[in-house]
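Quick one: structure below, then a few questions.
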């Protein structure tokens, strides 16, 4: 049955490099998430409160991000934009692609969060004499963040997993690095198995950290 | 000595047919893995709900791995692993196997959520009418819980359909791979990516629209 | 062994790389075509079996043999000793030189002009490995980009993502015809690329058969015929003077 | 006849029922009152086997509810139950809601079941809502639907677990009226309730539960005007 | 003093308030009763400017609430309001709930605001819950928290919109007691309520609303024992 000899030695030798690449993965995912949260919040507010072109801009962004494959979006930012003479480095391609995608998904989460806050909460705040800015920043947004916290965590996990597409646009995060080593030594299975373990660990760390953070942030 | 033949030819209507065929392949691989995966996921979800201790200890972590390792890595790993144990799987079958398990791992959570969304008092009510356990599950839990999590399930379906684009790394000529091939040959990235994107959008958007309508209708 | 397996199965599973015009590419009907593809057909004909063409990426060529998914791979595979630890090679069946294809704006005419420029190659190819040695010497590894396929390399150079793409002399002509802004660049300083047919390492009888096949292709004039058809000049001599292979 | 002997129920460490002895005879209407958490609902669940018990026995017409050999699904057909939360099946019309169990549990034909269902719905005053889905019913109507659904199994006993306490004050009356109707028709009923008026007027006996013990049981006027236990008097004072 | 003159309110085609005239003087307790949908809540929203009006005027201490030039946020500080539900801010402790508005609206220092908040919480009987989050409070406690929060702005008027109707029957009493306390302390109050006992005992006047019209207003005994309007009598009969 096992007509295949495993060679683990080269993999172990390049383990430090792979772990290093794991940090690159974490870094790109965090960066994309940060941009995604900021843009997603704006898109959600635009979709809910604006009319005309701004609203349609937000709707278009959100729907394209949610209804086409992430890999497609990456290709678009890679070779698609290249046709316009806009050339992004692999790092920028993966960052814009991931942020674009995350922003679309997060925008919908935010929208759901805003809609889940009873109108009475705003009314209560207004009745105390707060103006609408105060009511939004002090009462609504903190509660929305609480509601979307777990969706954001999930999205962060997604961002980590999706960053593996970097390998297909020539960016050397964990998958790209793994593929590079694998192509040198042809030990594809061994290398990708180790990469899988590292991804698993990263995901668990992300989830653990978010749980710890939640415990500090939300005491209610 | 002959003239070298021309290797690059422009976009022709034939290529639309080529893309269309590839879109059908995307659809086919998605339908196959979503169907099998959903059935498996429902069974797993039920197992996890019913026996929180025994099966959960084995099943839950295994399913968790499918959710914590990038699909891309899973595909490459499995594609390279299968022949080692004597399975001669082509890219299509490898893709189906991994996408199926991936779907199942996602649907498991959905299904468990569905079962748990049916309040105990509802289940007690049906049992108190004399319905057996299985009658209760089939006539009460399935329709009521199923409806609650239907939008979540649609989310999984759309996700898997989009993620099926990753099977292209195994060389399966689905929609995205086909467009890559055409880009290579015709050097018209923008046109071809737009067509592929439109295909995906046309597949995904109406379904997601329907799901959110459905959700609104039952939100009452 | 593989020879019996293939005869038994009645199909030859033949891996080729289709990102490598004119050696392997897709024609206007999006069907596989090229020098390597014809070689697959020839090999199958010699075995009197059907052929199944398996399109591969550069980096898949060896795993596909190591894990037994394909019987044989044509695909411009250089017979490096490192690779020979994983898979088996026949005698060389074609010889290529590495050459750059440059963006006309990049002003690269010699190897030294490449300093400080962005270099692209396909992942897992010989040019990539050789270039990375030079880049390491120059301390310019960060300027190197790797792509999933040669075609993406050309596209990248044409779109200006990279200044020079490393490829094979055979590809230069069709590429420069296709892209107005691409030109032939300098020859790469490493030795010629002797490419062999890849088979399972342990399977000596199969490798013997492949050696015989290569010899017969040359003897019958088929080698020259196909080379002339796809590349368009005299086929290079496969023998290295003074060495018995 | 329902016979409960020395019934004990634990939830983990929590001792919820501490030795209940109670007989309910045919045709009797028993109301159970007591403050929240005193174990009233749990008692009902133990009677129809929705909760397992740790000690004691419950017999219905001589059959031991908690015996292994008992076909509990069959036994439950004798016991209709209505809960506090409205549990109408939202995916079925009122008619289908009521017809479901007769069809799949009792194996009646579709026509028979629908006819029976229509009859029971008319009985509880929902004759004009046969095709409605539960969402379009008010809370009171949903509870009456739940009663009709239970009645369609032709039970010998009806158990009510605070059937009116999740309703708007305006809707309580219609449900109590339906329960009153059943009582007048001679149905044997155990009603856990917070409606003291109902308990007083309709019941044959009233039982007061306190922390898992049945502290007092007797005819309404005895409980309401001449309660023996300190707890009962205090409880009744607070309620009204 | 609150003066309402010929107030009309439309929601699209729906004419919800049809010419209300009402004066509430300092120290008065006014209860508003009436069936669901009669416009009681809407009136309160029009009084503190949460809803725009289509015709008429509302003056608070002589200031026109709906005039463009009015600083509504400032005016609202005079008007405390307690809703039926969703009053407490779940992400803040009770203390922070109460201290927030004095700090950011009135610009008090943190210490001052916290001190004031603690005082008001003690006032409503939540002195021992200062560090709790609202989830851990019962419904009744949450409503008292809402009252304390409104009081911390030192309002001249308090508006209650069915402050007890989402509560368990057992919890209603504690909130009504707090409202009673306020009334005794001389707070001017407008209470939309379904609690007839409260309306009767505590109010100086009771107003009955019917389909957007204030059909009757007068001292409690007049409304409850000698109502002029047919609607009022019918309504009171149904409620109890």
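The chains carry the letters A, B, C, D and E, assigned in the order they are written, with residues numbered from 1 in each.
Operating definition for what follows: a contact is a pair of C-beta atoms (placed from the backbone, for glycine too) under 8 Å apart; a residue touches a chain by one contact, two chains touch by 3 or more.
Keep in mind that this is a model prediction, so the values were computed, not measured.
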Please find the path from chain A to chain B through touching chains that uses the fewest steps, and give that number.
1
Out of curiosity, which chains are bumping into both chain C and chain E?
A
Considering A-E alongside A-C, which chain pair is linked by more C-beta pairs in contact?
A-E
In terms of mean CA position, the chain most removed from chain D is C
At what distance in angstrom does the C-alpha mean of chain E lie from that of chain B?
53
Rounded Å distance between chain C and chain D, as computed from the means of their C-alpha atoms:
81
Taking each chain's centre as the mean of its CA atoms, chain A sits from chain E at a distance in Å of 46
Geometric centre distance via CA averages, chain D-chain B, whole Å:
46
Where does chain B touch two or more other chains at once, residue-wise?
80, 83-84, 183, 189
On chain D, where are the residues touching two or more other chains?
none
Hey, what residues on chain A touch two or more of the other chains?
3-4, 79, 82-83, 168, 188-189
Chain B - residues contacting chain C, complex
1-9, 12, 14-15, 18, 80, 83-84, 88, 171, 178, 181-185, 187, 189
Contacting residues of chain C [partner chain A, same complex]:
58-59, 62-63, 66-68, 82-83, 86-87, 123-124, 129, 145-148, 152, 155-156, 159-161
Chain C-facing residues of chain A, complex:
3-4, 79, 82-83, 85, 87, 89-90, 168, 170, 179-180, 182-189
Using the touch definition from the top, list the residues of chain A that touch chain B in their complex.
1-4, 63-64, 66-72, 75-76, 79-80, 82-84, 157, 160-162, 164-165, 167-168, 175, 178, 188-189, 192-193, 195-196, 199-200, 203-204
If you look only at chain E, which of its residues touch chain A in the complex?
45, 48, 50, 73-74, 76-77, 79-81, 83, 85-87, 89-91, 100-101, 104-106, 133-135, 146, 149-150, 153
